Amino acid sequence: MTESVLIKIALVTLFLPLIGFIVTLLFGKRIKWLYWFENSILIITFLLAFVLAYFKLAYFTDQTIISEFQWINLGNVPILKTFTIELGIMLDNITVLMIFVVTLVSLVVHLFSVDYMKGDKRYNRYFAYLGIFTFSMLGIVLTDNLLMIYIFWELVGISSYLLIGFWYEKKTASNAAKKAFLVNRIGDIGMFLGILILFTTYNTFSFDKIFYQVSIGNLPFGTELGLTIAGILLFCGAIGKSAQFPLHVWLPDAMEGPTPVSALIHAATMVAAGVYFMIRIFPILSGDALLVIATIGAISAFIPATIAVTQNDIKKVLAYSTISQLGYMIMAIGVGAYTFAFFHLITHAFFKAALFLGSGSVIHSMHHEQDMRKMGGLRKKMPLTYVTFLIASLALSGIPLTSGFLSKDGILAGTFAFGSLTGNWWFAASGFLVAFLTAFYMFRAIILTFHGKPKNKEKYEHAKESSFLMAMPLVVLSLLSLFFWYSLNPFNPEGGKLLSSWVKPPEISVPQNARYDFMKTETEKVNEANLTEEITYSPAYTNALRTAHYPTLFTSASLALLGILFAFLIYQWKFIDPDELANKFKPAYKLSFNKWYFDEIYYATFVAGTLALSRAIAFFDNKFVDGIVNGSAFVTVKLSAFTGKFDSIVVDGFVNMTAYLSGLTGLFFRRFQTGKVQSYLMFVIFSIIILLYIFK
Amino acid sequence: MTVYDIIFYLFALITVGSAFFVVTLRNILHSAFFLLFALFGIAGLYVLLSADFIAVVQLVVYVGGILVVLIFGVMLTNKITHVQIKSGTLQIIPAAIGTLVLGFALIKIFLTTNWKTVQLSAESSSVQGLGILLVNQYSVVFELLGILLLIALIGAASMARR
Amino acid sequence: MIHIGLIHYLIVSSILFCLGIFGVITRKNAIMVLMGIELILNSANINFVAFARYGNFGNSGQLTALFVIILAAAEAAIAMAIVLNIYKMFSTINVDEIDTLKD
Amino acid sequence: MENFPILSLLTFLPIVGMVLILILPKDQGKAIKWLTLAITGIQVILSVVILYFFNFSLGGINDPSSFQFVEKFRWINISGLSWIGTIKIDYFLGIDGISVVLILLTTIVTFIATLTSWNITKSVKGYFALFLLLDTAMLGVFVALDFFLFYVFWELMLLPMYFLIGVWGGPRREYAAIKFFLYTLLGSIFILLVMLGLYFSATETLVDGSKVFTFNLLTFMDPSNYTATGILSPLNPNNLRFIAYIALFIGFAIKIPVFPFHTWLPDAHVEAPTAISVILAGVLLKMGAYGILRISFPIFPEITQQVAWYIGLFGMINIIYGALAAMAQRDFKKMIAYSSVSHMGYVLLGMASLTTAGLTGSVLQMFNHGTITAMLFIIVGIIYDRTHTRDMSAFGGLANQMPVYTGFVMVAFFAAIGLPGLSGFISEALVFIGAFGNEQIRVITAFSLLGILLGASYMLWAFQKVFLGTLKDKWKGLTDLTFREYCMLVPLTIIIIVIGVYPSVILQFMTTSVNAMVKFMANANVIFSSISPF
């Protein structure tokens, strides 16, 4: 097993889903069983990804394998020396872990969909779309350069467009698809601009080379500000794709797509791509850029969490919780808790996929009813779904013994350490508040859906446990939401190989004075401290992190339990009437229920503004620009009429003056164009005479 | 005043005078006959210019061919029953002024131009020289003209038949 | 009295040319117009032959005159056919009444 | 292949076809169509042959010795005119990396347009005769290296276009045809003026050492050929080169079209028959951009550098203005016409960058826009043939009724909005990379990026209106694609995907030329100002 073999496996893993897509799309209409082709391709892909991850982590733990090929070569360019664009694949630990997660979630979603989508008239097409999505997602993960990440970024966007708008007969679905694509494009503009800045400065797209250039002090525009701007612009892409504030509005709408799609794209993989991208470019994010990122992350964690509390659609709750959790990860990156962001990305992928598939299972058995107020009591009808959903919810809420507890604890410790080092406690405060809210709304959802009495008898009667193919994925995913896969010590995230040896903080390329204070490398101090274990950034940070570990652990666990308790108080035991509570805090409730009016504000400003502008321009074009043209044409016609008149009255009049003398007055008012050859000849003669006179 | 001069003036007078009558007489047939004289005079001028072959061709083609065609035209287009072979005129005065001025201008130009003339001594027949030129240097033109003539005749025949 | 030379022929030809033009312009009858054209062609021919005689061009001038005569023959044939057609269509060959070009 | 006049053959083959068509009797519509198809098919083969024998390492642009397939001989030679002197006009053909791409585009688009014209019923003979004449004119523009010859072909293109729109067009065809004709004629006048100005400003040294005025384009690119007093000569301190540049730019800008000279385009597109729209968008718009690249840039390099910012600004205005105007259209075809305006903005922006990536992107964008927009117009034509309406709000849900058609539409639409994997992305990305690399127009480029958002909005909006949603009852009977329509769409789709995945296929032809151009432009200030009369 050498590097080149690994690269070949990676390439096969990447392109297999594409083949699945092409074959299934082209022949899916004729050959009904072709979705099994796509599914088996996914199984192979998953196995390959597993092999890849195993060998990479076991034998090449500390190596980064890169393989590039030249895609575009514009030769020896006068200004830049050479202009080439390489496409390449990079395998490091993060990549292979990510591939494993992506293929696994994709596989279970494929299998889940076999029964979930049964009977759809575009059944095979659906699997084809899943194939192209998996391909694009793997592309994002495997790439070693910015351009390719942008390419697959867009491809992911378009496959998401196709999948959200899969039931395009519904106006809401096609609208949501369009909205998702366009909102993402806004972020992509920023991201592309960032890529342009970096390419213009370094003449390469490759991460490695850019990091190296930054580390030797070669900065965009020559200043640290340039690096910050580039970092923030690149982050714009992540804002769009990871549905961060203020571009988060597309994700809740995207729930119009089939539920397995929501599980795959809008929970586990695509939206995580933004976080993944931030992890990739972490070494060149300057302190200021990180602060912006952390702020956006904190806001995005908080606002959706407040919205999720009042939503009634089960998928909407999950959607907002996704945004909130992604905000967590982004915030973690912003405060420097890089490894925990990635950790949370993985754990979140599994338990959120489990939640979505669980909700899909519920929706399926309730005949596409999504309103939680019409559910209830499903615990008895669907025990397996209930248990898996519960485990995943516990993980999401951050209850000990689950994976979510480990990762969330890490993030909160990161924010806590950040607060203790910089004095900025806002992030920690927001993190803890969101942890409480999360536990609350998740258990609200569980209680409304599975506990209590059935609200809709008829649908309840028909509800039944899902088939094996649908239940299997739930079991797998909920098992993966338990702690022991990641760390054998349920209270210490670093107890497993994942964080202790596979995922490590990267070397920062940013110049010293543009970093956070605690990230500055102080060589002497490291030597003085003579610590046996590894140092993250600086001894101070390592210490702060260790100190923060236990307080955050207890605080977050108790806040989560408190949230659960509140949920039971209000919805299960009904000590507090939720409607009364809503009435009491009417403005807050309304704000939350209406999603902080983001859609309305955006529609009134940006959408309506653009449409009005476009109409104005069309009007301007039609009436003004074209008006000038037509006006000048009109003037020309009038002018020519005048010239004609002039001709017939003055010029022709002069000619006919002579004719008048000989008695031929009839010609006087006739037009210049007599239609008679002979009069033309007359003019010719006179013109010749005049010309002769001139040129004599 | 040599004989040559006298003959020249004679032919010139015939030519110009007949041409004047051609364009001024109202009766078309009369005009046609004066055209005959004018063409004849021109043929004479050709002889004087020692272009005997052209003179002969002038007589044969113009007088014998073209003029006949013209007269046929007159006869075919003016019904015999109510003979109206008189031709009207129009815009006489401006035309007269124009052509007079043009004529004077032309003559003035001819007079003021410094022509480089060569006085040829031998005034032999030019037929042989023409023949050689015709089949050597101008053979393509010659053939093209033949084709043109053929096309013109076929075209004229088909047009007139319609 | 100068000797008869190139200039005399040129003057004759220019008078002939002007008369031809005059005829073409003033006469109504198409056949008369044709006669005018013949006069113009002949005036040109005189020039050609005269230049051939007095210029240093060899016999090319005469040959051109010959070609012009041939062309004139072709032209006359076509023109007569046209005139006959016009007569059939308009029942007149007075050119001033045929002004469909105007529309 | 050295001396075989393949360019003349390519260019004048359609004329032969035209003569043959004129000989064929009127009622032989089928034969006429097949003949045209055969002629255009042979042209495609010829252009592939040219590509096969094309030497990548020769740059062209301003160097006469590195043009390929050159054919040069005296065409018009009039001497002894007292006040003009000797007029010598060359029949001078040759191609470099920039023209070869456009030749390929022209032959392909023409071939496809022939298939598109298959359902023409109104006086087939005249249509295809004019069509082939147009073909000759278009190719002639791309191969001519003599300004006079270029101009002749440029003007020759107007006539058939006028009739093709004016006779075979839609209800307001006369208005559109006249507007197109007058507009382009106005542009031609400017070009003519500059052409004459250049003619009297530069001389070519003949073999015998004598100097004559010339129309040879390459002569104008070398400052040492200019006379001391010519009005457009850089040696003349009072020269009018700046004004000439503006005039020339307007002349070409009308064809591109650049805001505010673009209003002929929507009208002409909407009224023209589908095949003519395809040609118009696919090839004719490129002629303006090609003219700027071939004539304005190398002949006036020092002024180009001065005004690059303004060219970039026009590019940005085109991109954004066109996209916004497209967004407000209800007529499917008009929307695509405005999208052309927007997409040609990228071409301008790339040219203004004067960098390798930018210029490469610009030329590639010409090619890609040619294929993509051709496909879009064919798509509109297909639906118009079936429903006789182009009002987008009259449709809805066609995706269910015509799935294969919708698939092709998606390829074209996504290519138009620059989706990676399809050709539009490559050229747009290169344009942006190049333009951003030029500090002068960096800000403009940043604003132009809005175009990719606006482009996506109107395209997706139109897609949703026409293809998504529920099917209206009156469209229940629509049929999916016919074999002929497959023949039109499949080749274009293949081209779009191949270039999108592996752009080097086509980039390799132009790289050397583009680099030569960039080098020439970069050194222009040195060359053109070092020769000073003082």
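Labels A, B, C and D are assigned to the chains in the order they are written; within every chain, residues are numbered from 1.
Everything below uses one rule, namely that contacts are C-beta pairs under 8 Å (C-beta built on N, C-alpha and C of every residue); 3 or more make two chains touch, one makes a residue touch a chain.
Note that the coordinates shown come from a computational prediction; the quantities given were computed from them, not determined experimentally.
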Fill in the blank from the handout: Note: of the two pairs A-D and B-C, more contacts are counted for B-C
Practice task
Please work out the Cα centroid separation of chain B and chain D, and write it as a whole number of Å.
Solution key: 56
Completion exercise
Distance in whole angstrom between the CA centres of chain A and chain D is 37
Exercise for the section: Can you check how far apart chain B and chain C are, centre to centre, with Cα atoms defining each centre and the answer in Å? Expected result: 7
Handout entry: Gap in Å, rounded to a whole number, between the CA centres of chain B and chain A
Key = 92
Problem - chain B, residues touching no fewer than two other chains - result: 90-92, 95, 98-99, 102
Practice task
Could you tell me which residues belong to chain C and also touch two or more other chains?
Solution key: 21, 25-26, 96
Exercise for the section: Name the residues of chain A that each touch 2 or more other chains. Expected result: 678, 682, 685
Completion exercise
So the touching chain pairs work out to A-B, A-C, A-D, B-C
Completion exercise
Residue set of chain A touching chain B in the complex reads 655, 658-659, 661-662, 664, 678-679, 682, 685-686, 688-689, 692-693, 696
Problem - chain B-facing residues of chain C, complex - result: 1, 3-12, 14-23, 25-29, 31-32, 34-36, 38-39, 42, 45-46, 49-50, 52-56, 58-60, 62-63, 65-67, 69-78, 80-85, 87, 93-94, 96
Practice task
Going by the contact rule at the top, pick out the chain A residues touching chain C in the complex.
Solution key: 671, 673-678, 681-682, 685
Practice task
Would you tell me which residues of chain B are touching chain A in their complex?
Solution key: 90-95, 97-99, 101-102, 105, 109
Problem - Interface residues, chain B side, partner chain C - complex - result: 1-2, 4-5, 8, 12, 15-16, 19-20, 22-23, 28, 31-32, 35, 38-39, 42, 45-46, 49-51, 53-54, 57-58, 61-62, 65-66, 69-70, 72-74, 76-77, 87-92, 95-96, 98-100, 102-103, 106-107, 110-111, 115-120, 126, 129-130, 133-134, 138, 141, 145, 148-149, 152-153, 155-157, 159-160, 162
